[in-house]
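Paired with chain B in one complex and with chain C in the other, chain A is shared by the two complexes that follow.
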Partner chain A sequence: MEFLQHFGGVFEPLSFMLLLGGTIGGLILGATPGLSPTMAVALLIPFTFQLPATQGLILLGAAYTATVAGGAVSAILLKIPGAPANIATSLDGHAMASTGRGTQALHVSFLASGVGGVVGVLLLIFLTPVLSRWALAFGPSHLFWMAILGVTVIGSLDSRSFVKGLLSGCLGLWLSMIGYDDIQGAQRFIFHDSLTGGVNIITALIGIFAIPQVIEMLARGRCEHKVSTVSVHRQSLLESLKLLLANGRALSIGTFVGSIIGLIPGVGGQIAGLLAYDQTRKFSNDPDSFGKGNPAGVIAAESANNAMVGPSLVPLLTLSIPGSPTAAVLLGGLLIHGIFPGSDLFDNYPDVAWTFINSMLIGQILMVIFGIWVASHAARVAHVPPPIMAAAVTILALFGSYSVQQSMGDVYIMLALGVGMYLLEKVGFSAAPLVLGLILGPIAEANFIQGSMIANAMNGPAEYFLSGTLNLLLLILVLASIGWSFFSTHLANRRARNLSNTAEVSLES
Partner chain B sequence: MRKRYIGTALLAVSTLLGTTQTMADDYPERPVSLMVSYGAGGATDFQARLVSMMANNENYLGEPIVVINKPGAGGRVGWNWFASDAEADGYTLAAYNVPHFIAQSIEGGVRYDADSFEPIANWGADPAVVVVAADSEFNSIQELLAYAVENPGKVTVSGAGLYVGHHIAALQIQKAIGGKLAYIPTKGGGAAAMKAVIAGNVVAGINNLSDAYRAREAGNVKILAVADTQRSEQFLPDVPTLMEAGYEVDNASVNYRGFMVPAGTPTSVIDFLASRVPEMFSDPKVAEQMAAGGSGVQVMSREEVHAMWAARQETLNDLLANL
Partner chain C sequence: MNPDTAESMPLSRVQHLVPAAAVLALALIVAWVSFTREPSEAFLFPRMIASVMLLLALWNFIRASLGLARVGDGLTRKGVGAITPGLCVIVLLVYVAARYLGFYSASWLAFLSIYSLYDPASHTLFAVWVKRVLITTAFLSVIYALFSLLLQVQTPRGLFI
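== the complex of A and B ==
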């Protein structure tokens, strides 16, 4: 209960102002496409040079928490996920927004983020020593199976067609191979200079999600009045709260999956949201409603990606290993004040460490409050006429993709991917599996090659990848996930046949 | 009509000439950007931001330095851009990492070599060290390398990618013992390589001195040797160099970081920077922040960096020739 003694530090005037500033700023940065949590934190580091260690960390911690949640705003209203963590949010979130439930989507997204986030930070507070061993348990072979587990989700992410989902996933895997390969030193598919560094995931997200929308808006433009943009009506917070409680299962699956996966260095944040989303759908009574505006999808995704924030810092704070790019940036922020994170951090700098963690706890709550406040203003986005909206999204997309690594090459990649995706969507492919392939490709590949190299120095790949409890457990999960996909498709087909055979309304549903 | 065109053209040319003239005299008259070819938050980025924070001081540049990141392909993206697209007017500096960019130019497939750039000054040196997990059976570098000689290819060694300091150190150790290590490059830099050591995924690792020092303070690793010509008196006075331990490994793998400009930058600008930048690196405030971060400071002048680049080029040509 040591952390309770350090709550006072959070409420000192300067600290609290920084916490507020970091939260509000983080929400805005997070909602801007292209500004990922990592970049937001990196941009803030110079500001912390002048601050004492504790206050500097409060600012960074608050910004980290809020940017992760802020990404949901653009995912829901614009269908542009601010970061990979928000991809799953956009699936149902934007569908809700286009059917007039935008405010509700934002409400449940922030409430779910808050619940997930608080649980995640509590785990960090109480279970850090236990969890740090779990974070180290994952070697290359386990991370490879984790990535494959993610790949099994690909086919089912596309609600329209299993085969087209898999094909988009493969396309994503291929895109992820472009560029210089750090492990084998090979240059792959580099036909143009701007491809040397490969396809950046943030650039790809912006292109794949934003550009098809812009083209769609412009294509329908003036000639039709029925342009599908979001509509946001006033909706009561109480209703949203009830909706959240009614989806307790989605909330608990999201929080659980997010906090477990957030721990694993190098994988966590990016796929936590998607895996939680997929699990929630598999356990749902009505899997077909996902992707069409089911609030459970938003709740699962957002609770997962914020639950991951706390545990993702466990390897950093106890082992001094940054488990995610954002944690690496936070490490820089700690070092600058002469604080070396490690197992003795909590003994040597208890006030700094605990105030930092407490500020993240309070930050989660502030984030919910301000997020809901943002939601009430989001209605204005809905009143923007489509042509202006299209122009605004284009500007955001251009600015966002350039700012990722100050490269015009990225802007061209973004535009090319966007136009390509528009054409693919016309023939029934969808964006989410493609992006998942792009994210998982490098994780699976790097860990497979590293694992094979290590295995060669040991007793061969078969033993390395297929023995040990954790390997087998993950392998079983992979097989179960594939099996379930086939089984549920089979069930759905039979149900569809039954429905068409008998004109009566099925009693089951 | 035509006369007017010619007149305008002449005017334009003379203005251009005029600006280049005054540019060199008044340099710098606007903020200077510093390209870092690694991502925000990495060690190079972090240190580059630290050492350039005093640039605004009248005794140094009198203008702020703005860091821009162009990460990708182990630094190749940024340095390719710097060699062919950056304006050689002194307003675009870049951070160099030696031996990385020299090794990459020897490997090929990039648009730069040591002649594409003009060094300004060096700010830091981060030697590679050999680490094993805290519970490893190996307690000295001799034990580890003797085992490696007996079991060729069985000692897995993690490091941050190919053609970086860690890789060079592994190659030099292999050459020195006449044996074979299984070098495992990781994606995600030194942190991922260090995690592989601590978690026991690999037998040993080669990593940055600064990160290894922190990992040892945290009780996670043992540091067996430093790949440098002298011990690190500041951080690891008790750890021997590989040379002291009896292995023919010099400082070719030490990660040197500093400022450079594209070849073709006006001499007056280079001279100005070469006189001011080392002073800026030596500022007590910079030194204090660098020491707090556990980063080794080594300020070197333009001439010293020139000599260091040339020496690296020679060693690496030999070492990488038979790869």
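== the complex of A and C ==
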């Protein structure tokens, strides 16, 4: 219980002010399309130069936590995920906002983020030594299977068409391979100068989610718009709390999946929300309601992406291995203060390490409070007329994509992907599987290549990729996920056929 | 097994066939590039993905040809007519105006154009234009404060900022 001795450090005036500032700033930055948690933390690093190490880390930790949760605001209200971690949130969150439950969606999103986040940080506090050993057990073959498991989710993420879901995922995987190959340095699929640096995930996210929304608003034409794109009415926090508790299964799945995914170095928190969303849908009694405004989808996604924050720091603080891109930036923040993370971090710098971790715990609570306050003001966004909303989202998308690498090439890519996605959506393709493919592509490829190299030096790929308890467990999960996707699609088709038969019979009678 | 569920909306076969053919063409290009370019080690993973993508694209195309694809609500002539002016403004902003006028000036023009094109209020009233200009200027000021002053993002400059 050493961490309890360092709680006082969090409430020192400067520390608490930074925690507060980091949380509020993080929520705003997270809600801004194009500003990912990684970028927000990177932007804040120069501000920590002049601060003592503990305070600097408190600021970075608060920003990390709040930006992950803040991304839900734009995901729910504008259907533009603030970060890849919020993709799954936008699926049901925006549908809830479109049907007058915007405040409720924001409430449950922040409450679920808070629960997931607290559990994640508690895991960080109590299980760091055990979890760090477990995290080390993941080699290239396991990470490859993890990525493939993520790919299998693709098919079931698109509830409308299994084929088009998988095809969207393949398009995403192909997009992730554009640019220079990391190992050989060979040019791949560079059909235009703008593609030289590859397709940046943030740029792609903005294009794929924001531009189709804008075009959809434009498609309504120049007419009197009585109904805004989303409607956010005042809703009781108590009702939202009851809703959260009623969806305990989604909350548990989200928190569990997020904690496990966060712990695995390299997989990244981006897929935690999507995996939790998919698992919640598979275990739900009403899977068809997902994507149409089921709060369980928001709860699972948001609890997962905040639950991964704490565990993603376990390999960083104990083994110097960043669990996510943001953790890698945090590692930079530690190093500039002369702190080298490792197994002796808690012996050499107990005040820095424990105060930082404690601040993340308090930060989760502050994030929930300020998030709910944001939700109460979100109604203003809902009252913006569609022409202004369309123009504002366009400009935000342009600036957001440009600011990622300060390149016009990214703006071209964003616009091309956006228009292409709009056309594909019109014929039944979905954005979520495409983005998941884009995220998982580099992880799957890097570990496949690394695994193949190791396998060649050993007894061949079959033994390397298909032996060992963890490999077999992941393989079984992959097969089960594919089987379930086929089975659930088959069930949905049968249900639909029965419904249409019943309708025909009743019409004839 | 029918992979499409029954939430499908009726959509003409041509509207399914054209995108299915386009996706198939893209899959063919990706496969061709993956299997013909060197060094082959760099294209090992792309070849795996391209093969799966080609199979799925072919399956999708066959389904569309046979009229079995039913998912999606397609494009309407009215919708395309409504989208075109706004999309032209965005494309002009990105490819032309940003380079010659500057990113902020072009964005100001684009915001005002999109807002005005789709605003149901009368174009002949002076007060309406004042409101549009004020809202556009206020929004771009916030964007300027966030991106240029706070985040120090350097945007392309032309005649103006």
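Some points to look at:
Here, the second predicted complex is superposed on the first by the 489 of 509 C-alpha atoms of A that agree within 3 Å, B and C clash if a C-alpha of one lies under 4 Å from a C-alpha of the other, contacts with A are read in each partner's own complex, and residues count from 1 in each chain.
What we mean here is this: contacts are C-beta pairs under 8 Å (C-beta built on N, C-alpha and C of every residue); 3 or more make two chains touch, one makes a residue touch a chain.
A quick note: this is a predicted structure, and the numbers were derived from the prediction, not measured.
In the superposition on chain A, no contact is made by A:E239 with either chain B or chain C. After overlaying the two complexes on the shared chain, residue contacts for A:A457 are found with chain B alone; chain C is out of touch. Note on chain A: of its two partners chain C and chain B, the one contacting more of its residues is C. Looking at the shared chain after the overlay, A:C170 reaches chain C, while chain B stays out of its contact range.
Of the two partner chains placed by the overlay, chain B and chain C both lie in contact with A:Q406. Look at A:I183: by the touch rule set out above, it reaches both chain B and chain C.
Looking at the shared chain after the overlay, A:E2 reaches neither chain B nor chain C.
In the superposition on chain A, contact of A:L335 is made with chain B only, not with chain C. Looking at the shared chain after the overlay, A:I395 reaches chain C, while chain B stays out of its contact range. Look at A:D351: by the touch rule set out above, it reaches neither chain B nor chain C.
Shared interface residues of chain A, touching chain B in one complex and chain C in the other, are 43, 183-184, 406. Of all residues in chain A, those touching chain B in their complex are 38-39, 41-43, 45-46, 49, 136-140, 179-180, 182-185, 187, 193, 196-198, 200, 265-266, 315, 319-322, 325, 328-329, 331-332, 335-338, 340-344, 405-407, 442, 446, 450, 453-454, 456-458.
Those residues of chain B that touch chain A in the shared complex are 39-42, 45-46, 49-50, 53, 68-74, 76-77, 80-81, 107, 109, 153-156, 161-163, 182, 184-188, 191-192, 194-196, 198-202, 214-215, 217-220, 289, 292-294.
Within the complex formed with chain C, the chain A residues making contact are 32, 43, 159-164, 166-167, 170-171, 173-174, 177, 181, 183-184, 186, 188-189, 214-215, 217-225, 385-388, 390-392, 394-396, 398-399, 402-403, 406, 408, 411-412, 415, 419, 423-429, 441, 444-445, 448-449, 452, 486, 489-490, 492-493, 495-497, 499-500.
Contacts from chain C toward chain A in the complex involve residues 1-8, 11, 15-16, 19-20, 23, 26-27, 30, 33, 37-39, 41-46, 49-50, 52-53, 56-57, 59-60, 63, 69, 71-75, 78-79, 81-83, 86-87, 90-91, 93-95, 98-99, 103, 107, 110-112, 114-115, 117-120, 135-136, 139-140, 143, 146-147, 151, 153-156.
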